[in-house]
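Consider the two complexes below, in which subunit A is the common component and subunit B and subunit C are the respective partners.
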Partner chain A sequence: MKDALKYSYFPGCSLKGLGRSYEQSLLPVMRRLGVELVELDDWNCCGATAYMSVDEAQACVLAARNLAIAEKTGPRDLVTPCSACYLVLNKTKHNMADFPEINQTVQHALKSADLTYSGKVPVRHPLDVLINDVGLDVIKEKVVRPLKGLKVAPYYGCQIVRPYATFDDAWNPTTMDRLLTTLGAEVVPYPLKTKCCGGSLTGTVPEAGLRLTYILLKEAVRRGADVIATVCPLCQFNLDGYHDQIDRRWGPARIPTVYFTQLMGLAFGMTPEELGLKSNFVSMKPLPAESTTV
Partner chain B sequence: MMRIERTIKYEGDRVRGFGKEIMSVPGCELLQSCIQCGTCSGTCPLSIYMDFPPRQVMALVRADFKNEVLRSRTVWLCASCYACTVECPRQIRITDIMYALKQRAIQEGVYPKRFPIPVLAKEFFEMVRRHGRISEMLLVARLFLKTNWFAAMGSWRLGLGLITTGRFSVRQEHIRRPAELGAMLAAAGKGNGKAKEMP
Partner chain C sequence: MNTQNKNGEVRIGFYICHCGMNIAGVVDCPSVAQYIAKLPGVVVSRDYKYMCSDPGQELIRQDIREHKLNRVVVASCSPSLHEHTFRNAVESGGLNPFYFQMVNIREHDSWVHTDRAQATAKARALARAAISRVRFHRALETTRAPINPDVLVVGGGISGIHAATTMANAGKKVFLVEREPSIGGQMAKFDKTFPTLDCAACILTPKMSAVRSHKNITLWTYSEVVKVEGYVGNYTVTVKRKPRYVNEDLCVGCLECIQACVFKEPKFADEFNMGLSKRKPIYIPFTQAVPPVVVIDPERCLQVRTGKCKKTCLEACADRQAIDFTQKEELVEIKVGNIIIATGFKLFDAKRIPQYGYGLYPNVITAIELERFVTSSGPTGGEIVMRDGHHPKSVGFILCVGSRDMKTNRWCSRTCCMHSMKLAQLVREHTDADVTVFYMDIRAPGKGYEEFYDKSLKEGIQFVRGRVAEVTDWAMAPEEEGKLVIRVEDTLAGFVRRVPVDMIVLATGMEPQADSQEVRRLFNMSCGSEGWFLEKHPKLAPVSTFTDGVFIAGCCQGPKDIPDSIAQAGAAAAEAMALIDKGYIEQEPNTAYIVEADCSGCKSCIPLCPYTAISLDDATQKAKINEALCKGCGTCVAACPSGSIRQNLFEDEEIFSEIEGVLSYV
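Right, the complex of A and B next:
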């Protein structure tokens, strides 16, 4: 392991809003591993899928302002935990590199704020940092309360592996599987690990969106999982927040959905309260008692 | 009385040049190499709800059936999961073509007006343009006001749940330098570099 791991950190709107327990668990877990995440100065919304639907040029400028601020901050990689932010920032970086007309529009707009982006700052996901920079051996040393007996369905969702499979496989990603195994958990086979959760359609067209969510939940239950681990605030909200409506439409498929960083925190000996686990709709059962004595 | 409609498209329904315009958008160039294999429709988790599944959208765009495509629900049902894009044997960026079509539908004001998805996109766009950040609860509230406030009543349990779990907030988040962002977005102009006015 390198001695000082320091990154710029782009939280995104969700991690300050509905997904705040993701940040609440990510930051202390990273700190324990010697990783310093420095929040990007005056970051703005990445634009997600919605901004891109209205205006492409502006969507690229919006995301590029963050990339430019990161580049100005120093030669540090930019880490972003939300799948939508991760995709949009990466996509903008690719678009600027691949299409001179987009690059020209964006550079012109950035100049009005004395900013520039040369494409140097890599955009990375915490899973990538944990596996490739920190290393599973270092993570293992911090485990004081192995998640023995806990069956976890690893759910990656769409946008961290598609379309840019930069640190994991687009069809069968395994970084989270390996991480969870290191924590002592039992990873159940979960073939739907990269299927779409419905995104914002759960709210806008529930008959279509919630059906996708239901399929994911039902399969995790069928596979005998105790909990679903996720990497995305929208996936977490969809899988956790709509059980009432899902019960009514298709029957119960109750299973808690937590952030992978919350499971790391539990294994590192932190309490459910510290990790924001109390803000879930479907709460996670306490860990099996025997794991405390291991 | 039963309303019947012609289902076969005529030559006269085409808007010449539309396919070429879409294929000139950065990232959409490879559409012309589509072999109509249908892998996209088979992979798409939402194609069962679409009026035209993705394979048909590709064919319609290429054949200049502009009105049919821009007025369809299909492009708005695309959740942007990129499954089609990574599976396409011709490396066509189908998700990006869907984005190009969404942008055109909004620019030309022909999107389905009470369909919540484009309304959400526009409200999201406005909030970010003004404040630089999204406040999820306020965004949802605006969506319900614009589309179907009755649906909001059906979600009272969800709202109550968010209050009891401490996640309900109606504070508008914003960046420190909204003027800087506003100037940058204005400098970008509109559209894909091919300026078009918003309705």
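Right, the complex of A and C next:
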């Protein structure tokens, strides 16, 4: 076992709300792997992608406050599981490094709160930490109940690989594929793995957004997947929450969408209840060896 | 300032060139001329619109005569462009050409600055430096070294073949070195050539045979250059000859050994057919290969790998005994005067754009793969078939794959529009498939090329303008089921389209060879930022490099089609022959020399010389510099502990006075 891995942790709003089963599964899984996630004090909303498109500099200020708090907390990497948070925090970091005028605006605003950010804290995704810091060999040791026979479509979404393909390929990422294989699952070929889920368009322009969601779902079904594994609260919401509308528009494409951390939890022997799997609209079928529905 | 030196009274003529508006647009030329006119020793100081023009040069000659000038300074462009011009003007005016000094106020000043006052001040300072330096110039003579008339051509594609045969026809001895077992390069893989649709093999094969039969050409295939020493006119080149385990002189290409090989069926990917067919460990690269002899793949042959094989090939060749497992790698040293590099390109790996599905969907192929399909000697005997054996009903061509793309390669590969249109026409000819070409711009600028585009349109080939976003296999409509779907924004119609097709052809672009950096270092060339070998001047010296006697031709210099490659190859051959037929190399007299009185014979300079030009004179016990070998790099001059090595054109007083000239400007 390696030395204890300790990170700052930025959950973001989703993981405390709609995506709470992500946190519910992420934290115990990480704990079992000896990873300590220390939640930032007094963090705030990252602004998500919406604010970025309204006022980029101000959106950066909002996000940079979290980076500044992380930098003040200690020389630890900042882990953030939500794709939007991951993208926005990274984008803020890049913007501050690349554009002096944005940096100036942000630093000025931070100063009024007695904060500063020098760009030191790396922003990292749990997948990155799991593959590169923890290692698949360590994860494999923790698997008590291999996901044998479970066919998974690995769905990364667009935000964790583009534009900043920091730990995986921008178009054909494989970290989650390797992780799922380590858990004993069967990964189905899913070339749509980085296509957009529709994002907030499912709510604002449903004819465009839902179509994208539908494509992801029906192709996962067509390619024989039992379940879609995701890394993002919004993707999970879109893929799980609109089945009635999709049924009406294009016909059924029912398949459960769960967080990859929930699958890790199952493989580590945790119960569906512990992992928040009961809160999905489309339920995951019991694993082959299970007797009860989850 | 002292206007006298050991050469007597110094009478300087100064000329500042406007270069149209290139210099005058930023530098106030008349004011520089007025400033220089007041400096000691300056007899005439003029500004003129184009100093390099005939009247400009005549101005210098006239002033030398009328004003008895004995030094000339011209402030204009880079010496690499016109130093030669002005030295000639000075010489024809009756002065030693080395009484001339050039100041670069274009590349070093007007082209890189925008502030007129500061640029003008910089021009004054640079000019003043030259004025104070030129006083110390001495009359020097250029020396001549004989040139070796033999030439090395590296690369046996169409460019190398053409360069080699051109020179061989002119009576020059040519060594042609090719890395692969056969010459022919990329062109040998083509079925037909645009825009005439004439058969590629019919025009290439005779040239390949001519190489083999030419008495002036020594052809070494399966060989690579590993070491290059020397300089223009006198290169020593070491060539590694890989063992092909077949004696080229004895093999007649009967191919019976291939029949007899212990591998009953071809098993290994055939490189020439882009892996679309299989070959045995003993094989001939392709039917028209030159030399037409077999080769044994050391990675695959049981005998070479393990020494345990029945060697049925040897039995089959018992009469001729051409197969020889005792062959070893050989290093051969040759001496040549000039080198032509024609090492070609490599194709962009389509897997680098995963959105297009190459390697994922079997019916996404590259243009060169389709080229092999349409060739009658190819893996399908000229039939265009999909992986399931059926003929495609619809084919889509995606252009600019790995070209004109900020994420991969920024450059235009120049040939893919025409190549794709040619293949599109051939698909129409061979099948009844609908063909759609997805393009950003159709670039058809050659002779007969636009007409070829017209012909493509008339033949019913559809063109959709838009960069393809992705190739998918997910259907959204019944007609898309089982097809590959091209998603593209049609920028003429203004909407996003989904176009279902059976087969997709990716027009992959050209890239520098994977080992272009090593080759560049080997021959002391430069590369542009993209990795293509850099020509000496993009317009005026397109086949020369910064190393004299090393020329480039074909796609190693940048993407080009066959006519352009041939034109460059011919130009490179002509440039090399111009040097050869002159009979000697004129050497700049910038050589180092020993001040014998000061030399202590410490020998510290000897190992430092990269050209082994320095030795110790046994009689005097002093260092001795061979002027013919010295390239004027200055290493020994800087290193000599007693300061007893000096260098023509870079004498201490010349350099110090130049520095003083710059610094004393206020």
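The rule we apply is simple: the second predicted complex is superposed on the first by the 287 of 294 C-alpha atoms of A that agree within 3 Å, B and C clash if a C-alpha of one lies under 4 Å from a C-alpha of the other, contacts with A are read in each partner's own complex, and residues count from 1 in each chain.
We take it that a residue touches a chain if its C-beta (ideal position, glycine included) is under 8 Å from a C-beta of that chain, and two chains touch if they have at least 3 such contacts.
Note that the structure is a prediction, hence the values are computed from the model and not measured.
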Item to complete: Figure out whether A:R254 sits in contact with subunit B (first) or subunit C (second), or with both, or with neither.
Response: neither
Practice prompt. Name the contact category of A:L201: first (subunit B only), second (subunit C only), both, or neither.
Written response: first
Item to complete: Quick one: classify A:R31 as touching subunit B (first), subunit C (second), both or neither.
Response: neither
Fill in: Which of subunit B and subunit C A:K140 touches, first, second, both or neither
neither
Worksheet item: Is A:N172 in contact with subunit B, with subunit C, with both, or with neither (first, second, both, neither)?
Response: second
Worksheet, complete the sentence: In this superposition, the partner of subunit A with more touched residues, subunit B or subunit C, is B
Practice prompt. Have a look at where A:K120 lands relative to subunit B and subunit C in the superposition and call it first, second, both or neither.
Written response: neither
Practice prompt. For A:L62, decide between first (touching subunit B), second (touching subunit C), both and neither.
Written response: first
Fill in: subunit C-contacting residues of subunit A that also contact subunit B
171
Worksheet item: Where on subunit A does subunit B make contact in their complex?
Response: 13-14, 16-18, 20, 42-45, 47-58, 60-62, 65, 95, 98-99, 101-102, 105-106, 108-113, 158-159, 162-163, 165, 170-171, 195-196, 198-201, 203-205, 207-209, 212, 241-242, 244-245, 278-281
Discussion item. Residue numbers of subunit A touching subunit C in their complex, please.
Written reply: 169, 171-172, 191-192, 215, 218-219, 222
Worksheet entry | Residue numbers on subunit C that touch subunit A, as the complex places them | 353-355, 357, 360, 472-474, 476
Worksheet item: Which of the residues in subunit B end up touching subunit A in this complex?
Response: 25-27, 45-46, 49, 77, 79-83, 85-86, 93, 95, 99-100, 102-103, 106, 116-118, 120-122, 124-125, 128-129, 132-137, 140, 143, 157-158, 161-162, 165-167, 169, 173, 175-177, 180-181, 183-185, 187-193
